[in-house]
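These notes concern the structure reproduced below.
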Amino acid sequence: MLDRPLRPSPISPTVDFSAEGVQHGFLRLPYSRDDSAWGSVMIPLTVVKNGEGPTALLTGGNHGDEYEGPIALFDLARTLKAEDVTGRVIIVPAMNYPAFLAGTRTSSIDKGNMNRSFPGAPDGTVTQKIADYFQRELLPLADIVLDFHSGGRTLDFLPFCAAHILPDKAQEAKAFDLVSAFGAPWSMKMLEIDAVGMYDTAAEEMGKVFITTELGGGGTATAKSAGIAKRGVANVLKAAGILKGAVEAAATTWLDMPDGNCFSFAEDGGLLEPLFDLGEKVGTGDVLARIYPAGRTGAEPLEVKARMDGILTARHFPGLVKPGDCVGVLATVVG
Amino acid sequence: MLDRPLRPSPISPTVDFSAEGVQHGFLRLPYSRDDSAWGSVMIPLTVVKNGEGPTALLTGGNHGDEYEGPIALFDLARTLKAEDVTGRVIIVPAMNYPAFLAGTRTSSIDKGNMNRSFPGAPDGTVTQKIADYFQRELLPLADIVLDFHSGGRTLDFLPFCAAHILPDKAQEAKAFDLVSAFGAPWSMKMLEIDAVGMYDTAAEEMGKVFITTELGGGGTATAKSAGIAKRGVANVLKAAGILKGAVEAAATTWLDMPDGNCFSFAEDGGLLEPLFDLGEKVGTGDVLARIYPAGRTGAEPLEVKARMDGILTARHFPGLVKPGDCVGVLATVVG
Amino acid sequence: MLDRPLRPSPISPTVDFSAEGVQHGFLRLPYSRDDSAWGSVMIPLTVVKNGEGPTALLTGGNHGDEYEGPIALFDLARTLKAEDVTGRVIIVPAMNYPAFLAGTRTSSIDKGNMNRSFPGAPDGTVTQKIADYFQRELLPLADIVLDFHSGGRTLDFLPFCAAHILPDKAQEAKAFDLVSAFGAPWSMKMLEIDAVGMYDTAAEEMGKVFITTELGGGGTATAKSAGIAKRGVANVLKAAGILKGAVEAAATTWLDMPDGNCFSFAEDGGLLEPLFDLGEKVGTGDVLARIYPAGRTGAEPLEVKARMDGILTARHFPGLVKPGDCVGVLATVVG
Amino acid sequence: MLDRPLRPSPISPTVDFSAEGVQHGFLRLPYSRDDSAWGSVMIPLTVVKNGEGPTALLTGGNHGDEYEGPIALFDLARTLKAEDVTGRVIIVPAMNYPAFLAGTRTSSIDKGNMNRSFPGAPDGTVTQKIADYFQRELLPLADIVLDFHSGGRTLDFLPFCAAHILPDKAQEAKAFDLVSAFGAPWSMKMLEIDAVGMYDTAAEEMGKVFITTELGGGGTATAKSAGIAKRGVANVLKAAGILKGAVEAAATTWLDMPDGNCFSFAEDGGLLEPLFDLGEKVGTGDVLARIYPAGRTGAEPLEVKARMDGILTARHFPGLVKPGDCVGVLATVVG
Amino acid sequence: MLDRPLRPSPISPTVDFSAEGVQHGFLRLPYSRDDSAWGSVMIPLTVVKNGEGPTALLTGGNHGDEYEGPIALFDLARTLKAEDVTGRVIIVPAMNYPAFLAGTRTSSIDKGNMNRSFPGAPDGTVTQKIADYFQRELLPLADIVLDFHSGGRTLDFLPFCAAHILPDKAQEAKAFDLVSAFGAPWSMKMLEIDAVGMYDTAAEEMGKVFITTELGGGGTATAKSAGIAKRGVANVLKAAGILKGAVEAAATTWLDMPDGNCFSFAEDGGLLEPLFDLGEKVGTGDVLARIYPAGRTGAEPLEVKARMDGILTARHFPGLVKPGDCVGVLATVVG
Amino acid sequence: MLDRPLRPSPISPTVDFSAEGVQHGFLRLPYSRDDSAWGSVMIPLTVVKNGEGPTALLTGGNHGDEYEGPIALFDLARTLKAEDVTGRVIIVPAMNYPAFLAGTRTSSIDKGNMNRSFPGAPDGTVTQKIADYFQRELLPLADIVLDFHSGGRTLDFLPFCAAHILPDKAQEAKAFDLVSAFGAPWSMKMLEIDAVGMYDTAAEEMGKVFITTELGGGGTATAKSAGIAKRGVANVLKAAGILKGAVEAAATTWLDMPDGNCFSFAEDGGLLEPLFDLGEKVGTGDVLARIYPAGRTGAEPLEVKARMDGILTARHFPGLVKPGDCVGVLATVVG
């Protein structure tokens, strides 16, 4: 198996990544199916290049129901001028485009979770083909990578920018510098337990400076959260020397998720009554939420308790909860 | 047709509305279908009665994806003691129960919108049968009626309690008194343009004192919004003399929706970038939101503009918007 | 409304009901839809006529997942010879034909429950159009009517033939005579509480001699239950003087369902453990079945208890049960 | 019932039908649903008015999978100039807009067949609300009405324009004059057996001059068939004196469908082998098509035979056929 | 591939398999999806341990529509006391838990057939992850394994317990001893033609003593069949020395399925008329069942004939049959 | 992996490929699923053998919505007599039988595209199991292979027969001889860019003489296109010496698809107005079609232009077009 070279990607771009100026185009991915024998998935992208300099690869819609990234990137794509750039900016506002169009976390075509699909495969599912194209074509072009996330339809987060604890401390330091530059209200140092299949890991293993975000959730964006994203991406490009101008300073609080006790799961389903909101302090043993059985009145609700002290950093979003859902996540303030 | 009496309701309660004490039970609605030839819909309810006094009919889940009402009412149903009551409290936390179980606005069985189904029909759809039971059995038992709403999955609201401008000014005054007692951060005087089929209208036409709410939205509830609902319902019962204790005072701001210019609709679909958040002041002609075409980068977004001055009181919730969706609603501060 | 005549039925038969001999054909019901602009539902039927004599209208598949009737009637349709008949036999083995093809209780086209759709409507749903054709075209041709039922996918019954307690005692007596002739192991005298919309009622109100059956269930038939149906229909035709030959005698036990206490419903859903089988004697307060919560081990099951003494005559069939499902039906032996 | 006035239509136009010039806008139909609590259906329309003169109401997409009409009307809407018009042209290229967007005959929202939904209802389904708006608002504005049809996904037609045999012979003559002006290769004199619920009938009963077409089918359009539609609508407007210029003459052959023998239906389903193509002469008893059982090889196919002499004018389109489908329609050449 | 170690299972148990006493808990399997970004499948299990002794691993719901096993095991899980046990009992009443909740043979998540999914995969589908956990974590803990099956929704079986003919005759003898102890009315010696992917094979290849059952079917259980399962599991635990008390003796008849001639398949679909019931003797060439074409009356049914002498041991359950379905299975009485 | 032999195919034929005469039967593929635990897919086939001679393997329904092949082959299967044959003819009219029954391009069971599934797998999906059976059992029996295609529901083609440019020029010449013999109106020399997974490639790599067709499309067949297929297959068998009689001569025009410029894709979705029909000459830069935005009237349509000179050889069929769909394909006339 080591000897067999991978097939070339079936994806063809309608832009020239080495050309100067602003190009708006598509990644065209042939997709034969019942309702289009010779159809394609057309993933929009914009490339802005001006002379020599580093390349930033900016992505939103890795999960299709997270909106701060796509808003900031559709906005950037239409407003960024070549003359403001030194180097190159590659903007893919909706990486898992079928998921984005459907407004769902995973692909409407194959249910693929993009962030568990790396390194992908050129002869796999549509999601795997997109991952493979990033793995073999786009990531190698990049110096810094910013991948936007939010909580999606079923989770809500305190707005933070994040990077990973890495074995290469120089690489790690560059990433945390960009997290600071991003300037979200909260910033996170993450240690992934299981990074298999993640875009993050694919980028980091190539030595790229990789940062990511969680900027809200619930399957919506607000003027405020979209503003954080727009300011953040500009700040990152400025800090990297790609975009002209000074970083717009903003205060941030650093957080840490120490171990598995930060997660609380539901063992029963029902109607969720939250007793804490995002950003509030919670003590060990506090009741984070009650779960009322939906089948009858008068029954005692199940209590979901905190297993550590911390700040409520993420929470289950929908009004109903299912067995096994994550009800809340706590984090501790660093320093 | 005038002479033909309606069939009796097929719904049978497992509680006795005239009995003293606390009863938890069901409205059993026979529902024959492919997966249960002799099946039923079992709508949970609680009745608490203690001696003589007025009857309050409390409902949540008129739309199935609105959660502050069900949380407050499941909580009240399990904690309300007969000895704290003078009169009777009838609690139906999930009025359109099939919609509530599905987490959707309308019934999963027949797509019925409960609040457009009155007066209902005993031989109609499941939703119409429930409406008919409220129309002919439950509303006649009530003196005051509180029906909880929120924005549901697709809208988000400033939290307010509301009553209608009515021809009977005594009835209207009693309702606005209860709105004040409820104590939501915002209060609304509503003039319905088209009240056909609404539960509100059914109650008001019988001379009941009817109040309603919009307490948030997005298909979720927060600790804060659930708290408003719990305090509000207790305040209303206290103000009506049914529950012991004093109304817990809370400041409120009164709002008014003067005419159709308060609504802004989308003519195109796409990715929505909100430029104002709930509670912010908006001026006529301000761009409330941009809609980016989802099909390509670099295209100009459609701008959705405000058609009057006001406070942003409701907004489209999901990150994507479809042609014809309401993007935002403005209201003016009264007095 | 009294003056407006109903439109003629859109259904056209491919047979001549007044012709002598054996005819196999269809009731053709035009049904325009997305996958066939000028399509039709083709309901198979057979007419066998020989000289003067009474007309029997024989139907199966009133509910589409009940099989003893269709088996007996497809068999009769292919084997009945004109020379063995005096009068006329009209055989419709699958009355709600779309339901029969789908193997479901109700129509796959419109979810119509045929036995709640009478008198039907010529401009209604497909199910209502079929009901209307029986109401206005086929029932008027008939002297005796036999409509086969079984429990379908979700109920199982002791095998019985039945007729209704009627105001016209002569009509009632003729029906019970045919029940006796049918010769099922059990026979039932039924008093319908709510007969609105039933085919039974439509036939009886026209003065027809109407009998029906419940011959098993679970969405299957056995050699034994199909044999009861085949013998029963032959016996009925013989007793009516339409088919040559003597009634094949068979012992039967008469049952009665006295009041609503014969039904036991589930208030919770879960895994059903039956503690009695069909035909067994049950005493008041006996636990008919346990319902285990499906979400966790170690929890106590809900007990469903008998509310009267009797023979277990019908039971919930699927291994899982939903809130509101009928768990069991008891009947008492008569005389 | 005679006394109760209908509710006003919930549809609001974004254009002013009495204004001069070209207006592009929408009929906005409020449509509350699970995925948009305050959503709408936005039906595009164009109004072109210039001074006094007759009004033409032009519609496509009465059935959503018929394309010659929408093509001709989207083209006309963007190219028609006010100065070329005398009077008024109202263009609704996709009357059953939800069906058009889905590419299906009937509405994706409620499965409504627009051409069986008249006179509609303001509080009915979405399809009925659109029909009601045409019945009460748009048809009264019109003098001449042209409604485009084709065969849709499941039928294919010889291209013809048609009008109905009417009791009012002056009205009928005006319609046939417009059919001649349209200039399709074939023209048809139609006698509807069952005109209940049709848009045609609604227009004719108001005394409007109504013409319609069948211009191909299969769920597609060709350059040729679209060209017939574009020329036809221009010719009709010219003949009516609304559009400047002379009618572009074109030869046509007149056809007639004399009685029900022109239709041939399938009694079995399977693989369809057509033995005649559209426009070919067929003799009584000729085998129009064979139907091969799809379940096994070697079985004899069912033969579908012609029941009269004629020209094959319409045919079943999909490669598979279902029991009850119309296989072919014959017509006779007139004069 | 030999060198690459498998990833650890993503499943985490909430119980400690080495702890003494009774524990009710879950296998938590993280399952990220559109409706729960950080959701899990929660598979209930119970562990009862008391001192040293063998471990029995008891499973139901390998196929989700087979109910005798889950009933016996939910019952055992709530009633088994630690003091009655010597060794350990691990009870997983619903192995393919998503299938069990849906009441279907295969997983509602991924359509996985658990009994064709071994050895599973830690990074595969949900079904493969469960199989992997049994393969690598639970089976190694066990000495004896009892896996309950029945016919499910589409087959019905004579109730039997079974073990396989094995190359290791000592292992085989232990298994047949447990089959005898189980005490079902029938017992079967099975020789699997194609055992690839089966749980049975996975257990046997590790040297475990493995027995299984078929205890009825049709997607239901009766009091009688559930009683056989409850007595059988207790008998097996007693025979293995894990549960206190004597085996409750019961007569059994041993059966054998000699070769492929025991199966009869349908070549056409239609309405099935069974001519033999379970347990009846059938001779070579006997007509087991007739299949009536569902499309018309009067056609000859297809006859499905027995290809050997035997006892009817399994049969197609639903009233309709599809081409390729197994209609009946014959077995011969041994000795 | 090289050493592990593949499992035997699970498919068992009900015919004997080495027997003389005409046999109609099935390939039985076991397929266990929720609605049939022991079910099968039954793929019809016919084998006609007479003495020694070459074997032709004839297939239709490789894609399930292409009908000329199945019509010609169901017809041939029922009419071919052993005495007219020298050698053997194996006829599989519907290779991807689940797709054929559903009338869709890909399998209704697993969405498998048969022509991208070779060499298949005996333990894969249903589609892969069929491909494996052709790869390992049927293709090795064949000398010449004819696989019928058409455009299916979403494409329409000029009718042509085709073979590939091959490295083995003797093999290539034999194939082009058979293309000439087939006698379609058009003939094509194809150079596949990406032949991975195709049945064509599987056959050619075994050295078989392989030809294929595109004979129309749109999900239908006409009398004319079916006639081309029927004549073509007879001609091919005659040219190969398998069928008695002389090849029926027919004129053909040879075409060539030189490079990727022959394809034109849509970048936007909407209503498609074709401006050229099949067979018409197109010049570079000509507007092949317009795409009207479906959301509003008055907007400019997108123009899709030809990128080379040529004959319009294939086109998008449905009236609506999606982003990424192939709008048209051009070819050049050879010689």
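Lettered A, B, C, D, E and F in written order, each chain numbered from 1.
Throughout what follows, contacts are C-beta pairs under 8 Å (C-beta built on N, C-alpha and C of every residue); 3 or more make two chains touch, one makes a residue touch a chain.
Only a predicted model underlies this, so the values are computations on that prediction, with no experimental measurement involved.
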Query raised in the report: What's the fewest number of moves from chain B to chain E, given that each move must go to a chain touching the current one?
Result: 2
Query raised in the report: So which one's got more C-beta contacts, C-E or E-F?
Result: C-E
Query raised in the report: Compared with chain F, which chain's mean CA position is the farthest off?
Result: B
**Report entry** Interface numbering overlap (same over half, different under half) for chain A and chain F
**Finding:** different
Query raised in the report: From the C-alpha centre of chain A to that of chain D, how far is it in Å?
Result: 49
Report summary line: Expressed in whole Å, how far the mean CA point of chain A lies from that of chain B is 35
Query raised in the report: chain C to chain D: how many Å between their CA centres?
Result: 43
Report task. List the centre-to-centre spacing of chain B and chain F in whole Å, with centres computed as mean CA coordinates. Result -> 58
Requested in this report: Mind pulling the residue numbers of chain B that touch at least two other chains?
Outcome: 1, 26, 42, 65, 267, 295-296, 318, 323
Report task. Spell out all pairs of chains that touch, sorted by label. Result -> A-B, A-C, A-E, A-F, B-C, B-D, B-F, C-D, C-E, D-E, D-F, E-F
Query raised in the report: So in the complex, which bits of chain D are touching chain F?
Result: 22, 24, 26, 42, 44-46, 65-67, 70-71, 74-75, 77-78, 91, 93-94, 100-101, 103, 156, 218-224, 226, 271-277, 280, 292, 294-301, 317-320
Report summary line: Per the touch rule, the chain E residues reaching chain D in their complex are 267-269, 295-296, 323
Requested in this report: Can you check the complex and tell me which residues of chain D touch chain C?
Outcome: 1, 63, 65, 104-106, 111, 113, 116, 151-155, 194, 196-197, 263, 265, 267, 318, 322-326
Report summary line: Counting only contacts in the complex, chain A reaches chain F at residues 1, 7, 10, 26, 28-29, 31-42, 123
